[in-house]
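Going in written order, the chains are labelled A, B, C, D, E and F, and every chain counts its residues from 1.
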Amino acid sequence: MKLVTAIIKPARLDAVKTAVLAAGVEGATVTDVRGFGRQKGKKEVYRGTVYEPDLLQKIRIEIAVEDADVEQVVEAIRAAARSGEIGDGKIFITPLDDVLRIRTGERGTTAL
Amino acid sequence: MKLVTAIIKPARLDAVKTAVLAAGVEGATVTDVRGFGRQKGKKEVYRGTVYEPDLLQKIRIEIAVEDADVEQVVEAIRAAARSGEIGDGKIFITPLDDVLRIRTGERGTTAL
Amino acid sequence: MKLVTAIIKPARLDAVKTAVLAAGVEGATVTDVRGFGRQKGKKEVYRGTVYEPDLLQKIRIEIAVEDADVEQVVEAIRAAARSGEIGDGKIFITPLDDVLRIRTGERGTTAL
Amino acid sequence: MTLKSALAAFGAVSFAVFAAPAFAQDAAAPPAPADDATIFVFNTMLFLIGGMVVMFMAAGFCMLEVGLVRTKNAATICVKNLALYSVAGLMFWLLGYNLLYGVEDGGFIGSFAVWGADDAATQSRDGLRAALDEGTGYASGSDWFFQMVFVATAASIVSGTLAERIRLWPFLAFVAVLTGVIYPIQASWEWGGGWLNAEWYANLFGAEFSDFAGSTLVHATGGFAALVGALALGPRTGKYSENGAVRPMPGSSLPLATLGTFILWLGWFGFNGGSQLALGTISDAIDVSTIFINTNIAAAAGVMAAMAATQMLFGKVDLTVALNGAIGGLVSITAEPLAPAIWQAAMIGAVGGIIVTLTVPVLDALKIDDVVGAIPAHLFCGAWGTLIVPFSNADASYVAQAVGLLSIGLFVTTMSAIVWFALKFAVGVRASAEDEAVGLDVAELGLEAYPEFAVR
Amino acid sequence: MTLKSALAAFGAVSFAVFAAPAFAQDAAAPPAPADDATIFVFNTMLFLIGGMVVMFMAAGFCMLEVGLVRTKNAATICVKNLALYSVAGLMFWLLGYNLLYGVEDGGFIGSFAVWGADDAATQSRDGLRAALDEGTGYASGSDWFFQMVFVATAASIVSGTLAERIRLWPFLAFVAVLTGVIYPIQASWEWGGGWLNAEWYANLFGAEFSDFAGSTLVHATGGFAALVGALALGPRTGKYSENGAVRPMPGSSLPLATLGTFILWLGWFGFNGGSQLALGTISDAIDVSTIFINTNIAAAAGVMAAMAATQMLFGKVDLTVALNGAIGGLVSITAEPLAPAIWQAAMIGAVGGIIVTLTVPVLDALKIDDVVGAIPAHLFCGAWGTLIVPFSNADASYVAQAVGLLSIGLFVTTMSAIVWFALKFAVGVRASAEDEAVGLDVAELGLEAYPEFAVR
Amino acid sequence: MTLKSALAAFGAVSFAVFAAPAFAQDAAAPPAPADDATIFVFNTMLFLIGGMVVMFMAAGFCMLEVGLVRTKNAATICVKNLALYSVAGLMFWLLGYNLLYGVEDGGFIGSFAVWGADDAATQSRDGLRAALDEGTGYASGSDWFFQMVFVATAASIVSGTLAERIRLWPFLAFVAVLTGVIYPIQASWEWGGGWLNAEWYANLFGAEFSDFAGSTLVHATGGFAALVGALALGPRTGKYSENGAVRPMPGSSLPLATLGTFILWLGWFGFNGGSQLALGTISDAIDVSTIFINTNIAAAAGVMAAMAATQMLFGKVDLTVALNGAIGGLVSITAEPLAPAIWQAAMIGAVGGIIVTLTVPVLDALKIDDVVGAIPAHLFCGAWGTLIVPFSNADASYVAQAVGLLSIGLFVTTMSAIVWFALKFAVGVRASAEDEAVGLDVAELGLEAYPEFAVR
């Protein structure tokens, strides 16, 4: 199993959620995060002072998936999260040794 | 070493904390997250409109543990987090290559 | 590739950010978290009741790095985050199978 | 002083000050009235103190609205409320007041002239007496101040309905026209002594139109302007999906919305009480007290009715509807806060609370997106309050009320439509979908209302 | 006008208006009083303006409480405060007023009758004069309004103590009984001219009971009802662990709590100042001014004393206790805001601030869970303020004060206990543990107070 | 009553009450004034009601400041505002009032004496008349109350500028000196009838110094004290980097800041209107009305000017500057809210709004860290308002205004510097860098303002 973790723009959350559900994902966990990278903040003026916000609002989505589904899910996220502008974000794929469903105690892919 | 990451119901945080401490864990990191899965939000009415909240409040607990302790910690979390209802959450076990304690620079299991 | 995840004190965020940028990192994702461990909360009095806050504010920084850069980045974080007091935090190093840049679809280290 | 001059002086005094107790031997006679200067000061104080609390309603609307919008539009709604109160004051000085009160008896529109204080009439003894008899025995500036804060109220209503999607400057342009032109013209028909008060009107419809403190003139007017604006702008992106589902966009801070409602409730004592326009006599003091009570009871009944109705209809009390219920009760009693017996005031207010509860979902069903529920509370309850006046006031007529309401509705709707669509085609009124998505605060103001708070 | 009629008129005038300066030649005589109609209006204004700011205290309590509860119960406390003010107004009309003021001299309970305005007495010259002499020369409605907002205050106290665990409708049921029955009956004993003012009482205990603006009648009464409620309900789940540890549950928005305190402080000028019940004479105007000063100084001293005490006892200033200190100072001076010299007012208020600081932890030690510190501020300081009246007012007696306080305490405690336990067994008053865990906002109202804010 | 005594009485009456209409036969004569007791009550009410809303400005400043600081210092700013209002009240009683009003004509400092109410002068008919003629016909306590709330305003200004880095107790020590000594002494020069009102001054500089409601005496004084404090303390850590970059530290709750501004706007009606010091005559009532209008128009113009200026200069409307613009407009009109025509008031206020917009960045360029923009709004606009008085008031002189402003500036600056540096060396005024980093709430109070909210 793999853990697919995507960092996306907040405005894309709804679209990504819809896309991964369509791709067969049954659950996901969402965190509000901030990020920095190539994308720069829009210059803003606050009380006459020009500045650039350095940390931008992002959303982190974590999805545990079976190995077989990884590419499909990654592609669903990519397509839904993409606006084509710098700052669209990243998808990280990391190994997942095991999963347990707390309610039933099931382990492995059946627990997803 | 492993990273044990549990997604649980917010009301269970205290119980889980107590349980893992009892199981010998010395530290953990907690994040406020939202999740979706099989559990559906309770139908609510807001200003006459019926709706179902789609993202539910969850708590994410990350605990780095020695390989030998994994099962014990997982079991402690499972027992403490379980209410028996859908939405009790998941526990993910992922590989952890190394740990460093910032204060001392120690690495590996001694840094836990 | 590796995912380097540091749990640090909030006051050190700026310093760590500067340090990792200097170490060649191009992006990172930041989350507000709470943690417990050896560090105990300062005793506080609220309305005459003495108590110890059990969960302390921490910052979690996640950085995806090439294998070759791991030690350099870890060292940059360690140096910048260190105050020498208990509670300075941890750095976790976990395997990262793959990365995708959403905007371009690039995979692997070029996507970092 | 000779006896003669003393007596001459005395005679004048007894006329001026003690006119009423001519049969002063009679202990059962009404009490001697206060002297004219005193009455003048009392009347002026009523306007100034009443005006102060009505002015504070600007803060009330601001808090109610900022509590009911989402965080990403909260700073913008603050700017709008601050600016609309400012614009209203400036426009009512430059244009509004004389358009309203410069109207001829039975007329349709006042004069185009900048307002200036004029207290010449009350500077002589007889002039003052005459002014008191006509009901204008107060400092002219206090009257202007009191009327001005009313105008601002009408504008506040619009800002609530159109929140989260209207651009700042076009909104303020509309407010300028509303407060400088539209509001004053229709108000002149009634409060300026225009055609809704004409004899022919009374003959035709059974009575003059009657709107004590402005259920129609202020609240329905604001509500009509808001309704047309909502139609011109369309709903917030994502509010209504094609399949008919309504997406709730819950208010970001119900405590601030509650605070706003309490401030409005407070202000309403000035709004309705001050509309007595006089406080210098025993009977005026009694009337103002009655108005306070009816105003309060109507609001209380509106709250309880909305709470009971939401409990029964939705299975839970809805705080936001209860807040609207308070406003609904207050608006309902505003057309006639003096005549009703307390139980009538309670009933009028309770119906207002129920109207709000029932019509909030109706607007959603019609895909009319009213962010804070201002149309139900101000337009629908304003209409209800206007139409029910004859229930407690025998001098009013149901037909006359309906005709007046419809006339004003037609005028305000037409005028608003012209202005909204003119703005729409000239400069555009609606924020872009992208600006709406990131929120108007960042898009239009380049800042956040709650920059440090993590927002979901 | 003939000389004769002029003189006749004049004679009457000099009696009516210039009764005092019979020796008018004497420049050192007291100034002529204002005429009766003027006094009537002044008195009415005192009630209306005072009543308005006391009404606004409903917002103050709401903000104080919403700032001191946790986010998950914030919307519920808003509903409760909005509804309790509404219920208080309705019940005081239907039952309360006449239970309070319909009491016979020296009696124990008033009459069961819906209140209605009655201004017949002041419509004749002699009637008005008599009313002024008796201290009832004002619009009857203004009096009702002023008394009504006092009742709401008592109910607000209860809502703060019992927050975060009491169910909405049972709470409102209690409020209805408190404001319609319990409060009016005990208040009739004193303000209605009942037995605490009887001659036998004065003979027995050295003086009549004395409670100028309600340290006991309003604040301790609310506090007693809250205390019994807290005992009936029990503490919030998790507040006290078996090992005696107290878990702090910090208030979610100290800025709103601070705002609420400032609003209460403002309202207290109306609360105490308006309790002079008259403003039409020079001496009343001076007295009201004195009351303002003493009220303000007591609050200021309460704040500084609480700050100093928390600094010394806990090593840090505790804002929430300082807020309670302001209220404690205000409640302490409420029983007698007129008689004290300023230094006495400062001392009385400072002790109030210290009482609050010392007793907040005591309640916790007793596992009595008072969410906002209302029992220390209203009950304990109310008792202190009542008992200390003779310190500044020579006409009061320590024994009479104690007996009055205890009598009212006994009555309110007993009645409240009956109602709380009746409600407990009939419908249940306490939210389920699960509802408490998710918070009453989601559990009872199905919404969140701050839905977009990430909450830890 | 015999004819003779009747006439005698009458004669006295006509002198006392009807002095003005000696030619009472003439219908064109001015109206008879209200009787003296009535005037006394009106005047007292002006102070009490005006004082109440000015008192509420303490809440306004608190909300404005709490909305403009970061969350981690929000509770501390609440404590400071609560405490400074308390300290101001206590110090003005113990020292301030008599230092201010105990000054000799043309003097430089009043007397050191605790204040106590003294209403002996107005207890006789002639005494009252004389008091009214001198402009002191009111309850002495009402005057104290009104003046006291002004002092608190000056202190509030300081707390805003120095937020987020000053320690609590040293700040309060400064406030005690400011409100007990510095403010009263300089105010005695003008409002106490001191040297700025002396004949030699008028002869030398063309007119007496003129500051109706305190653009200089209250606002610039607070601003000077704040400026010196900002220099003594230095900027917040991290605010200015060596390379000249300014780091914005956005206010944490713009809705609360907006609420605060509305409250201040409301309070300003009391501030400026009450400074008429009398309301008992027709002309006073007219004047107070004029003051209300000019005050409101200046604020409105300040808002619109600041909005337009930020739009043009920065490409976006800045809400926080618009809020400062309202305050800037209000402060600007405070030196002379009565004389200007409305268009003049609008212009004076608009310039105030522009001053604020332009000088906020200037302070940053100078690395003077003024957290809430109090120095631009209160000091710079206070100076502007003071200097522009002769524009509308022909009795004032530009030179006299400048000399007065500079004198007071010099005095306040010097005294403040002495106190700040004394405190700095004696106990330290500045929080440690570490305390600043974690925030003063946790460091000094051991609690958080918003403990449950996740903060970025």
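Criterion: a contact is a pair of C-beta atoms (placed from the backbone, for glycine too) under 8 Å apart; a residue touches a chain by one contact, two chains touch by 3 or more.
Owing to the predicted nature of the structure, the values given are computational and were not obtained by experimental measurement.
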item: Set of chains whose contacts include both subunit E and subunit C; value: B, F
item: Winner on C-beta contact pairs when A-B is weighed against C-F; value: A-B
item: Interface numbering overlap (same over half, different under half) for subunit D and subunit E; value: different
item: A-F, C-F or A-D - pair sharing over half of the C-E contact pairs; value: A-F
item: Whole-Å gap between the CA centroids of subunit B and subunit D; value: 54
item: CA centroid of subunit B to CA centroid of subunit E, Å; value: 49
item: Chain centre separation (subunit B, subunit F; CA means) in Å; value: 55
item: Sequence positions of subunit C contacting 2 or more other chains; value: 31-32, 34, 44-46, 55, 94-95
item: Touching two or more other chains - residue numbers and ranges from subunit D; value: 10, 34-35, 38, 45, 49, 250, 253, 259, 314, 316, 318, 320, 446-447, 450, 453-456
item: Listing of all chain pairs that touch each other, if any do; value: A-B, A-C, A-D, A-F, B-C, B-D, B-E, C-E, C-F, D-E, D-F, E-F
item: Contact footprint of subunit A on subunit F as seen in their complex; value: 245-248, 250, 313-316, 318, 320-321, 357, 360-361, 364, 373, 456
item: Subunit D-touching residues of subunit A, taken from the complex the two chains share; value: 11, 32, 42, 44-46
item: Residue ranges of subunit A touching subunit C (in the complex, touch as defined); value: 2, 6-8, 31-38, 54-55, 58, 60, 74, 77-78, 81-95
item: Subunit F residues touching subunit C - in the complex, by the definition given at the top; value: 437-438, 446-447, 454-456
item: Footprint of subunit E on subunit D - complex, ascending; value: 7, 10-11, 14, 18, 21-22, 24-35, 38, 42, 45, 49, 53, 70-71, 250-255, 258-259, 261-263, 265-266, 269-270, 273, 279-282, 284-286, 288-290, 292-293, 296-297, 299-301, 303-304, 307, 314, 316-320, 322-323, 326, 341-342, 346, 450, 453-456
